[in-house]
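Below is one structure. I have some questions about it.
First chain written, first letter: the chains are A, B, C, D, E, F, G and H, and each begins at residue 1.
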């Protein structure tokens, strides 16, 4: 577990950035009654410590025509191929998450696709990787929760 | 599928924001040889269209002591309870994703926890929701890919 | 097995009707060098014997916006409810086929829906029938074969 | 989804054809108080649009001695063989439906056979196709619903 | 393991009776060059020791119209009901064998029936016993071996 | 189904033989108030028709030290090997029953063995047959019903 | 992870005790060329630190007539009953190990019994605990490895 | 079952040794009002009979940093490789128990590891053994019972 210690000011800065990474440091400073320089120093410290790795947009995939989500369990011929297969999987942009797992699957992926036909193409890309023995797919009928912000707030609250 | 049309300039702005949401609009403007005002207008247009919903930090959960990831399949007594159970699940901050799914589970969740003991506590929180009949857990031994940026770039390239 | 005997003329009439039920009897008569009255008598005989039960259109469901196909396995609380549940299922027009089966499911259905969201609604209609304990869904990524004509020709060829 | 628009007359014509494809156009015309020529034009339009693809007989398979129905799940050695295997399957007339599916099977078929022994022969034909790794069979004890007419009426009512 | 000791003569008598219980003792005596009285004494001894419990006919079930064989796995609500359920099962003559088992089922039965429809009726008789929670059926496509005689000969050879 | 017709006398003779194959024909004759010759003729007729195939002893396997019963599901590499594998299985006397089955197994066997160690040896004999890919075993904790006599009486009662 | 540091002498003492807890301290002292008092102090230190919790005999269960080993997976009605059920399980001496687990079971136990019949009794004791919904049993055909000594040596070697 | 007979004194000696193998024989003697020599003779007799095979320490694995426990089910390519694979497995010290099992797995192991990453390494060591086809892992969230002493006391009480 991290030895890194955060004080109240760090927490408040993080709480604001979690909700909107694009908030100007001057706005943060004004709200916390500190100088913008202090905000800058604190964020720099969190970045240098590797806690903040970067930032990204939250897109509406439905609006973009990518409403199809599926989980694909991958069986390998041999676990010694895990690293090789993961590298091939990482070349398929429609795979957004991949885990090495316990249980019946060797690798477990999350994919986003345009529709059933596109999903079939993506699944076949995975199936065709050398070393992949079989895949099993579970389709999402509705993504009801996709929100890391609650976790982020909770983590910093508990530190 | 979205009727929304993006031109080359939109694509280039999005490509930069996907990699770093905090990049100043003046930097984007300089790189694309357009005015900062144009950048502002274009981003506003993407936000108003609902394509950009917001932004978020990318944290190093391992450094923060939250290295335990599991997928929890939830069986309900009755699917008419789905909405109610999802609302209860959404009150557990350690659940970052939840889907209504086909196949053997009714709901499928991703959780992050500190360690085996904490994971057990989180799983029991889900188990104890009224209407939840049983859960089955699959533990991640290693999160090898967690990257939506490749997908985002690909989506805009294909539009 | 049917005691009903078909001669060569019956076979040839059936072969033509299987491919196109709307072919005029005069066309059949001309091709087989028999009278239209004979065609009429023979078809009447097959209908009276109950072998021909009727006729139906072949529609292009994709063009009609119903491209989503899934198989839904239904578990009942008790098999004594089978008849009751089948009657409720038969009130859902999106269920086109339903079997009482061996193996893990009590009832096994085929459904057609417009998309993932509509499929979820149809599955929930089944889930909400009194006596239904749980359902499991398998989604079709592609309906590659849907053709009873080959079977029909083969049956009559073998009789 | 289809852009094709149907008016009330189209609906009424389709409703009659769905129940009996062999109904003479003059009968339809009389019932709807329109000319037989209009019926002809409307049906032609639906055929040209590809919505009506053809027609087929409804047979009593039980009477014909083909009362045995089973679903066969097919596992392939490799999904790159899917197209080849589907072509081989389509040469077996006893397979009336075949889907590429998600979940544990690669291909999912419906077969009709005369009895247990014949079913075994048909299953072995599938098993013996090159690229087929294993099959699993679920037998229908009773085909309680097999009726696309309710769906067809509902589709046109909803358009 | 039995303390009972058999000598060579016992073995030869048993070998003959296993193949044909109706063989007259005088025939056995003649073949073994012993008296019919000795045969009688030896068989009596095996019966008194409880090793021979009785005898039964071997019928051709196919010829008798009972060609359908299935195995039915039974799940109970509670194993305390095992004895009660087995008593109810033993009232169904179509169940010829029933075991208390390890693994997923509580009780595992073999049934013989006339055809698919009759099998469904027998399965429903089991399903309707109080305390039975669910059943799963596996159908035999072909009974290739059903022969205890090889085992009987081997047992006595090894004693 | 058999065309063979049995009268009341046949039924009564069969009922007695089912319970004890060794009952002398004179005893049967006395009970039914017919001649021993008639009994002989009737039994001969049932044997010639192939309905009675033979007779066998009922042994107490527990007393003989063979109290361990298991069911072994066999997966083959290819169903074309079914016949070959069944021939190899039929050389193992500890396998008393073997079926070609639907569902997850290709072949399903019943074995009797002396104890856990012996069962392991028998399972390994099956595993080592060429063409056998894998086996799965379910162990009987108690053989509660093993009685074909109830079925035999019922069959003849229903004829 | 333990902060406790062990030196070379501790390692050597532990290595000897792991193999034979009853070795006299004077023997250990002689081998390591240290005083028996030092051995005593070191062992006391390991006990006080809670690393050594005690000692136990290694028995030959086979010789004692307890050769039957099985793993029993337990499903609960509700995980809130876990603690209660574990307490009931801990009253059954034939259960030597019990875990709260991920995957399909809530609790996973190891049992030792005299034979199949005794195992059935032990499984039924577990089945009859209030809150236990179902159990599934996997039987050991042979306990090939049961040896914590290799692990103990390795742990101390790696510290 | 063992023919070995234990008297009351043996039982009392065993009861004390089970709880603490290091208890001096003089202490046992004092409690039982017998001579230390008698204790020595009795223990020697139990060792010579092979009932007591040795003794071992009970360590606190949690304190030693080995808090991760998992069960690993191993599928082999062929059961003829069982002995070879077990020998390879016995070279991995983190595997403390291994059984040849019935049911879906060929071999079933218990492992102890430091954490998720270490567990992955241990599972891969097993996966990489020649002849191992696949593994499936179930992770312990909590080892609630690990106590053979209750069993040992019960065994001797029942003898």
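Here is the rule we go by: a contact is a pair of C-beta atoms (placed from the backbone, for glycine too) under 8 Å apart; a residue touches a chain by one contact, two chains touch by 3 or more.
Here the structure is a predicted model, which means the values were calculated and not measured.
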Option reproducing the contacts of A-B, where over half of them reappear, out of F-G, G-H or F-H: G-H
For chain F placed onto chain G, the superposition rotation in degrees, Cα atoms, nearest 5: 180
Where chain A and chain D are represented by their mean Cα positions, the distance between them in whole Å: 43
Between chain H and chain D, distance of the C-alpha-averaged centres to the nearest whole Å: 60
Centre-to-centre distance between chain D and chain C (centres being mean Cα positions), rounded to whole Å: 6
Chain A, residues touching no fewer than two other chains: 100, 102-103, 120, 123, 138-142
Complex contacts: residues of chain A adjacent to chain B: 1-2, 4, 14, 17-22, 49-61, 63-66, 69, 71, 86, 89-90, 93-103, 105, 107-109, 112, 114, 138-155, 159
Chain C residues touching chain E - in the complex, by the definition given at the top: 75, 78-80, 82, 100, 102-104
Chain H-touching residues of chain F, taken from the complex the two chains share: 70, 120, 123-124, 127-128, 134-139
Of chain D, residues touching chain E in the complex: 67-68, 116-117, 119-120, 123, 139-142
